[in-house]
Amino acid sequence: MQKKIEAIIKPFKLEEIKQALAEIGSFGMTISDVKGFGQQKGHTALYRGAEYEVDFLPKTKIEIIVSEEMADLVIETIEKTAKTGKIGDGKIFVYDVSQAIRIRTGQTGNEAI
Amino acid sequence: MEFSEEMKYVLDSFWLLISGCLVMWMAAGFAMLEAGLVRTKNTTAILTKNITLYSLACISYYYVGYNLMYGSGNSFVGSGVMMSGTSADGHSLISDFFFQVVFVATAASIVSGTVAERIKFWPFMGFILVLTAVIYPIQGHWSWGGTSLGGMLDGFSDFAGSTIVHSVGGWAGLAGVLLLGARKGKFGSDGVIYPIPGSNLPLATLGTFVLWLGWFGFNGGSQLALGSKADVDAISAVIANTNIAACAGALAAMILTQLLYKRVDLTMVLNGALSGLVAITAGPDYPSMNLAIFIGAIGGILVVFAIQFFDKFKIDDPVGALSVHLVNGIWGTLAVGIFKPDVALFAQIKGIVVIGIFTFFSSLLVWAVLKFSVGIRVSEEEEYNGIDVDEFGLQAYPEFVERQGV
Amino acid sequence: MQKKIEAIIKPFKLEEIKQALAEIGSFGMTISDVKGFGQQKGHTALYRGAEYEVDFLPKTKIEIIVSEEMADLVIETIEKTAKTGKIGDGKIFVYDVSQAIRIRTGQTGNEAI
Amino acid sequence: MQKKIEAIIKPFKLEEIKQALAEIGSFGMTISDVKGFGQQKGHTALYRGAEYEVDFLPKTKIEIIVSEEMADLVIETIEKTAKTGKIGDGKIFVYDVSQAIRIRTGQTGNEAI
Amino acid sequence: MEFSEEMKYVLDSFWLLISGCLVMWMAAGFAMLEAGLVRTKNTTAILTKNITLYSLACISYYYVGYNLMYGSGNSFVGSGVMMSGTSADGHSLISDFFFQVVFVATAASIVSGTVAERIKFWPFMGFILVLTAVIYPIQGHWSWGGTSLGGMLDGFSDFAGSTIVHSVGGWAGLAGVLLLGARKGKFGSDGVIYPIPGSNLPLATLGTFVLWLGWFGFNGGSQLALGSKADVDAISAVIANTNIAACAGALAAMILTQLLYKRVDLTMVLNGALSGLVAITAGPDYPSMNLAIFIGAIGGILVVFAIQFFDKFKIDDPVGALSVHLVNGIWGTLAVGIFKPDVALFAQIKGIVVIGIFTFFSSLLVWAVLKFSVGIRVSEEEEYNGIDVDEFGLQAYPEFVERQGV
Amino acid sequence: MEFSEEMKYVLDSFWLLISGCLVMWMAAGFAMLEAGLVRTKNTTAILTKNITLYSLACISYYYVGYNLMYGSGNSFVGSGVMMSGTSADGHSLISDFFFQVVFVATAASIVSGTVAERIKFWPFMGFILVLTAVIYPIQGHWSWGGTSLGGMLDGFSDFAGSTIVHSVGGWAGLAGVLLLGARKGKFGSDGVIYPIPGSNLPLATLGTFVLWLGWFGFNGGSQLALGSKADVDAISAVIANTNIAACAGALAAMILTQLLYKRVDLTMVLNGALSGLVAITAGPDYPSMNLAIFIGAIGGILVVFAIQFFDKFKIDDPVGALSVHLVNGIWGTLAVGIFKPDVALFAQIKGIVVIGIFTFFSSLLVWAVLKFSVGIRVSEEEEYNGIDVDEFGLQAYPEFVERQGV
């Protein structure tokens, strides 16, 4: 079985995480731009004399599908690398994958990723 | 024609043509400024309006407006005979027409900014038709047309149109806004103001620079002659004063926003520069540069407070056109009364009021007729989705991903 | 255990939903821009005289990870707030989360969210 | 029960897949822009004389929630249509959905999708 | 030199310089217009082409073209001796060169729009080299060079180049498109047309305004003199007519798209304004403003139908350059034959046909040589990914997220 | 005043005004170029700086700089009495002021590009104040002010300011960069260079075209007179040479990047065109077009290598301003010494060195004072988040989604 690891991180940490993951031999990931808030809130901005709230902060979402065996190592690596110790560092969520297929070859399961 | 006379004719006409080209360029400036200060979803609409209103203004002013303004007629309105002949006294008639027509387009552009992001296209064009063919020319007939409205405007002095062009555009826009209402989501209950940031500040900055450049023709050309030492000296003063008033307006807004908001607000700096330009326009010829700096700086200060003032009264003016053109058109006209030796402040006030009342109420009437016949505002859903998609079927930046309510 | 609540909504409802969720004490969410269609189809547009279909409509995706206990309340709140009754209101999908980690502190499970 | 089918594809295949799915009677999908890499790596670019790596390639993510019965057919259809045989064709991942709700009507389960 | 003669020399040369600056500015207009009407993925490519083609055109025209065009030579082609000396009859020779060179760049810019989004860079530059050094100058030698091609073009009248510049650019582009084929995904089977919307309409609008302004120099400068009452009167008429023809073209396209599509199509309005400009260019000096409005309006109508026509015949012209420059170049030239008293329609037709055939077939030959030697079209994959990334390694908006096939 | 004398006065003053308008327009060019070459997150900042620095430069030069430069005073610095009177010898004094003031703004604009993306706003404005009120005018007093610094600069020839304007701007920027450091993330350890692509290439291209157009006024106006055959012939040569040098610079960069990188790099082509312009500026009046092409082409080549050179020495210049203005300012000034018959190369070198040393060290002093008092660099976090959000509270494109670290 495979696991999906979904990490919401500070955008500028992406490069570092990518390299750290390459080193432990995990390849393949999908990323996207998201916005969010949690304990870290947005800030107040001012436009032409009127105040307004910017609630959502830019974050990057990383999605990695790995085999169950690799999952812990990948999670640990992300955790370590993404951490700055400051508020807003982000979260990691893990899900079960019930099927994985490589379109080009039709391979499934761990061979697909 | 004697040689020296001919040279003067050539240079005077030529200067009108060059100035006219510069003023025509202001149409691009308005288009860019307004496109930069509205939201992406209404950008195609504002671009379309700006290019078509310029086109319509030129044609309607040719067929009707120019003669209502400069035709003999009576003291209220000109003759209405179509422009004819080729040379006027001392310069080419057509060069004069070309220079004048780009002015009327400027007045019309001001309106488009004020009513942006919620007006329906065709009623807007209808209003522009009336404004450029009738309203603007009639009040122009009194001042630049020389009739003084039967003496009422005696002594009124407006070199390049702080009142005649800019505040006329502002009054026409204000009348529209009052009948149109604010954009959805701009004003919350209990007086909260939700800012709606402009979508493309480089475009807005470009537009400001374009207007700034064009203004050298707007004010410089209003000398209406170039071919003598006196004329070129005057034009030099006009252009240098125009430039430095804009600088002063920008810097004043820069400093004031830093003091008020603890940050320099670029959109206010842009509006500040434009305010300096509008303010100096009524009299760029007489002041020293010191005074031009003062007049421009007051313009830059006024615009910041005016924008907050209009917001407070829930008069929603997406690009700040009222604060720039109406408020500073008035300020600039008053300044001539205060500072120019041979001009009476009272004559200036009378001019501002008479022209203001005429323009505001005639505009209000036209807007009201449009509102209660075909309607002037897009539907709520259209406004939410953006006029571009619903009315024009064309996004301004179709490939760029936009933030949706984020 | 935690649940992931994924809601596809009309973009202009986001603000309201954010406030409604704050009131019931749920904080933390991640949003992203998506496009989609379902029963609500796109529309026909015209460019230089040629017609074309715009199939996908802009939607906003909200992702919220909550504790199992909170899940129903959050779902209900979103459902109520996002509803306009008109076609295209969107969907809510719920998934199991097998692990949740707060990067900054290393906390896991309900403490992470 | 419903399944979530998540396909990461080459962007230009989207149109074709949309049509193929319409033919087998599946409607409703959500798409988003993502970037990723796997066996297909990025390329080297040059800006003002300095080289740099473009690691991530643009991909489109399709998310479709379907009933368990339909899932295999949908997967198969995507697989067939998205395939070019060249590297970078993408992946399909499948997850369990624990709940599905249509906001407009409150319908749940297979009726919601 | 007598004083009055010197003044005329000064003013005439000066006007060529100012006009040349305005026409040079059109290069920016084409760059912005085309960058706004292609997709983001091909924007760097079109920008690069526009700035380098202008540069190449100036240099190749200096070394070769100018003399092929204005050198004595025979009735088919000029002498080919490099431009020399400083003053021509009545004005500075270099000011004349500067004014002429920006014209050839204009013709070249038209081609870049037509073949956009799929042409390879270097073969394109090769074509531009031949066009600006040889093809354009040879046909220009017949008309503006004054040889009349041994009498064949007697009576042919093209004031500022509706045919000589605009339709020449159009024919050269058409020849290219026929050998190049349509962009992938533009035409489906069974006649379906998939529109490919331009990616940045503010940029396209800006480009249109820039061209509009530049056109005052393009047409006004073609009077080639300023220093007399007759000249400045003529220039006044030229500029006013140029302006109002553009207005009429824009409004005609606005109304027509509303009638045909139930919506005003901004890109058609932009093309309409440009069409009015192209149409008036063959004879902006003689008509009344009424007639200029008519000529421009027909231009605005023609462009809408021409775009649909080319689409129907699967001739893929991303920015509408053929419809604007080729079709309206022809219309404008015909209009002179129809309306200008001393010009025969038949002479106009002969000019259009002779110049058209020469330009089209010589261009076709050059394109064909390029196609069958180095190839002119990027690979399918490159076209899909965008020329910017694959050929130029540089995205135009690298930080903005774009929609991918959505 | 005799008629012919008056006409000359009119034309000379007029030409200064028109040229001044064109140079003012360069402020827009710098704003667009720089806004296009920085990242979106610092775009509001660069726009704000460009419009406010222009405004500040005009006002500080009026109150202080103009008289330090042109006032009598001593051989080191002018009198410092505020500009007064209206007509100077042979032309309007104010037209001269207007033309001069836009030059000082150009020098200031160069600095803003060099220190972009990390400088604090207010200290930057402080530096601009000193530069435009004191540093630029003092060195200008030696050359254009005519004192020759007591003979030290005898024989130094700089027609329109390759050294006096462009490399002065470059030296001032270089001093700033050395104290400011590179942008975070630009240079890795072990010599790796991480390119930071500009965010909006159409804007950068537009800016280049705007500068190109403005340069016709910059160089052409530096003839300072128009009203005689000799003057207009000179201006014709100046403008044609200016244009073709830019073309040559663009083409040289195009070819060189193809050879070096196997791709044409648009940003280098833009810098190449600008380099040709800077290089020809020291002497656009004397060369043949052949020579102008050569000078411009060397400029286009130099800029490519200079950009790599500065990168290698970790001197981070986001828009390439040092390579364009400093390096080619020097090259252009040397070229006059090499090619212009009556100019000694040694006098040129002396001029470059003397002015360079003075400007660099006085700038360094000012930057140092600012650095060790209020600080000149934004915080690391501010730099990461972008100056726009943190310092200006305003995004340039608030609705567009940007790539985050992708």
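When the chains are written out, they are named A, B, C, D, E and F in that same order, and each has its own residue count from 1.
By our rule, a contact is a pair of C-beta atoms (placed from the backbone, for glycine too) under 8 Å apart; a residue touches a chain by one contact, two chains touch by 3 or more.
Just so it is clear, the structure is predicted and the values come from calculations on it, not from any experiment.
Visitor: Between 0 and 180 degrees, and as a multiple of 5, what angle does the rotation take that fits subunit E onto subunit F by Cα atoms?
Guide: Resulting rotation angle: about 120 degrees.
Visitor: Contact counts by the stated rule: is the higher one at C-E or A-D?
Guide: Here the pair linked by more C-beta pairs in contact is A-D.
Visitor: Starting from the mean Cα coordinates of subunit A and subunit F, work out the distance between those two points in Å.
Guide: Computed value for the inter-centroid distance: 45 Å.
Visitor: Calculate how many whole Å lie between the centre of subunit B and the centre of subunit E, each centre taken as the average of the chain's C-alpha atoms.
Guide: Using C-alpha averages as centres, the distance is 33 Å.
Visitor: Taking each chain's centre as its mean C-alpha position, how far apart are subunit A and subunit B in Å?
Guide: 51
Visitor: So which bits of subunit F are touching at least two other chains?
Guide: Only 7, 18, 197, 200, 206, 261, 263, 265, 267, 393-394, 397, 400-403, 406 qualify.
Visitor: When you check subunit A against every other chain, which residues touch at least two of them?
Guide: Expected reply: 31-33, 35, 46-47, 56, 59, 95-96.
Visitor: Per the touch rule above, enumerate the chain pairs that touch, sorted by label.
Guide: A-B, A-C, A-D, A-F, B-C, B-E, B-F, C-D, C-E, D-E, D-F, E-F
Visitor: Which subunit D residues qualify as touching subunit F in the complex?
Guide: Listed in rising order, the residues of subunit D that touch subunit F are 35, 46-52, 56.
Visitor: Can you list the subunit C residues touching subunit B in their complex?
Guide: Touching subunit B: residues 11-15, 31, 33, 45-47, 58-60 of subunit C.
Visitor: Sort out for me which residues of subunit D touch subunit A in the complex.
Guide: 3, 7-9, 32-39, 55-56, 59, 61, 75, 78-79, 82-96
Visitor: Using the touch definition up top, name the residues of subunit F that touch subunit B in the complex.
Guide: Interface residues on the subunit F side: 1, 3, 6-7, 9-10, 13-14, 16-18, 20-21, 24-25, 27-28, 31-32, 35-36, 43-44, 47-48, 50-52, 54-56, 58-59, 62, 83, 86-87, 92-95, 97-98, 101, 121, 200, 203, 206, 391-401.
Visitor: Okay, in this complex, where on subunit B does subunit C touch?
Guide: Contacts found on subunit B: 384, 389, 393-394, 401-406.
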